[in-house]
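Order of writing sets the chain letters: A, B, C, D, E and F. Residues in each chain are counted from 1.
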Amino acid sequence: MLHTVNKSPFESSSLKTCLSLARSGSDVLLIEDGVYGALAKSAHAPLVTEALEAVRVYALEPDLKARGLSGDRLLPGIEVVGYDGFVDLACANDKIQNWL
Amino acid sequence: MKFSVMVNEGPYTHQASDSAYQFIRAALSAGHEIFRVFFYHDGVNNGTRLTTPPQDDRNIVNRWSELASEHDLDLVVCVAAAQRRGIVDPDEAKRNSKDGDNIAPGFRISGLGQLIEAGIESDRLLVFGD
Amino acid sequence: MYINRHAPCGTVYAVEGLEVVLIGAAFEQDVCMAFVGDGVFQLKQDQDTAETGMKNFSPAYRALGDYEVNRLYVERESLEERGLTEDDLMPLTWEDEDDDWAEKPSIHIVDRAQLSDLIEEQDILLNF
Amino acid sequence: MKFSVMVNEGPYTHQASDSAYQFIRAALSAGHEIFRVFFYHDGVNNGTRLTTPPQDDRNIVNRWSELASEHDLDLVVCVAAAQRRGIVDPDEAKRNSKDGDNIAPGFRISGLGQLIEAGIESDRLLVFGD
Amino acid sequence: MLHTVNKSPFESSSLKTCLSLARSGSDVLLIEDGVYGALAKSAHAPLVTEALEAVRVYALEPDLKARGLSGDRLLPGIEVVGYDGFVDLACANDKIQNWL
Amino acid sequence: MYINRHAPCGTVYAVEGLEVVLIGAAFEQDVCMAFVGDGVFQLKQDQDTAETGMKNFSPAYRALGDYEVNRLYVERESLEERGLTEDDLMPLTWEDEDDDWAEKPSIHIVDRAQLSDLIEEQDILLNF
């Protein structure tokens, strides 16, 4: 199952709710302001690091670049994908939950 | 693969409309089919032809109209949400005694059944919003 | 499954979400709803919007049973975090035609793990 | 006391427009003056006459128009925000070659300077939004 | 100084930011979904209880009623006001910060 | 004082807020800005929106100095919570005409208590 999160974890509970309900083996894609959840050294880094043991976490590259975040600022283990990768994830998972 | 996409936020105000557009372009490039794009909540505001964005900015409404014409996309604006927000086509204008309409080319106004149908008929339904 | 995560009055998401559920039920889809986070406030009893000038749409939840939407899952952890209990929620019911039209509760309190399982069982998920 | 109020969200979508309306009514009842109501961001969508809300619901746009006419309120829609969102008056329609306009009675379109002026001229500036 | 907060503390950081920046002696008015911050027994009750030692906290009655919250569900010390009280607070304070 | 609390790209609040600041400066008001919470992301270096198709408005912050908006207060706690440091921010400057047009930094990192004092000193506060 693919989960998308589009809100900053500093301003919304979406990421926390998503990670608390996503089953082991799920894909979680961070888009729009959701990509702030990928930041290393942030207050939410431990939450995401722990989640990485059970789910795969992706971040959308165009949205990272738009916000001035380069790959070396991200938590290790997070995969960076483009819109083509987003489409592939949507195909590879038979269900999608967009946490808005 | 057959996709449908729901857009729940207006142009410029929120990135949702941009994200939906970029996703659809990428899906079309990869050879997938877009069954329908359904505009709900403030998303209906993508369908007005009265916008005039700054000249150095993207024209979101025109971009939707052009994509629809190039790829024969079905862009559906929810009628109930559109009535609350003042998006009308000539039929709606007549029915509600309005003196004009503002729907952009390539968009049509219809009911929520079109969203349910899109959910049933498509392999995947993605939602972009706030 | 419709996942409801917004409080009822501050924004239109809850109202317009409910409109989708009612239309979806008419398509004879097997429909259920989940209430998570501030979404649990949608089911709070005694909502009275008169002094705000806004329309009170909370009675519309009582119609869900008539549309055969009778599985409303409410996350226990979300209630507790908000200091609410099941008694704070509207007593929503439906009539079971296979059981001599017995009146049965529509609201089911589930914990996070159960809700996670329920989400995984669904074909289509919409978030309001 | 002289108040100005800024409204940053569209009607129905967010309670902000209702809150601003109720605050202004209460302030007028208490004998205060409303110098200006300024609509910014999605708040500009309060100023379209093309809405048709459900019959059993409040008509937010008409309510603003009526309050403006009763109390001679100055309802100003920001031009830059309005252009992005497709709110136009006859002048704007002409200037941007649009085939129609949708501004509601009692509203006028003007620049952000009107907001700055409201901040300077009023004793208090309140903001309702998201 | 009058601060208004219009977002649920469960979904937004507005209330926390407001209380961390409001000076002792300020008035804080909860409106719209902000009134959920007035709930007793909620996870945010300790934050608000602590704040009540330094600031006065008000909640808008029409918004409480709209959400089915009666006075007996609120934290002790929170004052309930109507729109007329909102206007009075805006007059009594020479500055207003609306935390949107 | 303009208090900026929204991240830059996800919503229009930051852009439309900046438009107000630039217009306000033209009125020769004594203007300053505070960046709190996700607002600090507005000043992040190296923003490149090309692949999103959105307009990149971050260069407009560099124009603030020319409009004599040269007091940009950034809350230290907000930076730290996000794992950012002052080096992550755009190097915004202004030229002081009273000091032989010396180039001076516009960004001032302040802690929460200092920001609280600054807010209290203002006549008008607008939140974007």
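Remarks
Just so it is clear, contacts are C-beta pairs under 8 Å (C-beta built on N, C-alpha and C of every residue); 3 or more make two chains touch, one makes a residue touch a chain.
On a predicted model such as this, the values are computed, not experimentally measured, just so you know.
The set of chains touching subunit E and also touching subunit F is given as A, D.
At the subunit B-subunit D interface, residue numbers used by both copies make up over half of all numbers present, so the two copies contact each other through mostly the same positions.
On a Cα centroid basis, the chain most remote from subunit C in this structure is F. Relative to subunit A, the most remote chain by averaged C-alpha coordinates is D. Centroid to centroid, with C-alpha atoms defining each point, subunit C and subunit E lie 27 Å apart. Put simply, the C-alpha centre of subunit B and that of subunit E have 38 angstrom between them.
Shared contact sites, meaning residues of subunit F that touch two or more other chains, fall at 9-12, 37, 52, 54, 124, 127. With touch defined as above, residues shared between interfaces to two or more other chains in subunit A number as follows: 6, 10-11, 13, 32-33, 62-63, 82, 96, 98, 100. Contacts with at least two other chains are made by residues 12-13, 15, 19, 22, 41, 54, 80, 84, 125, 127, 130 of subunit D. Contacting chain pairs in the structure are A-B, A-C, A-E, A-F, B-C, B-D, B-F, C-D, C-E, D-E, D-F, E-F. Interface of subunit A with subunit B (complex): residues 4, 6, 31-33, 62-63, 82-84, 86-88, 90-91, 96, 98, 100. Listing the residues of subunit F that touch subunit B in their complex gives 9-12, 52-55. Residue ranges of subunit F in contact with subunit E, taken from their complex: 3, 5, 36-37, 112, 115-116, 119-120, 122-125, 127. Listing the residues of subunit B that touch subunit A in their complex gives 1, 3, 8, 15-16, 19, 22-23, 25-27, 29-30, 32, 124-130.
The touching residues of subunit F, counted against subunit A in their complex, run 7-11, 37-38, 41, 44-52, 54, 56, 58, 81-83, 88.
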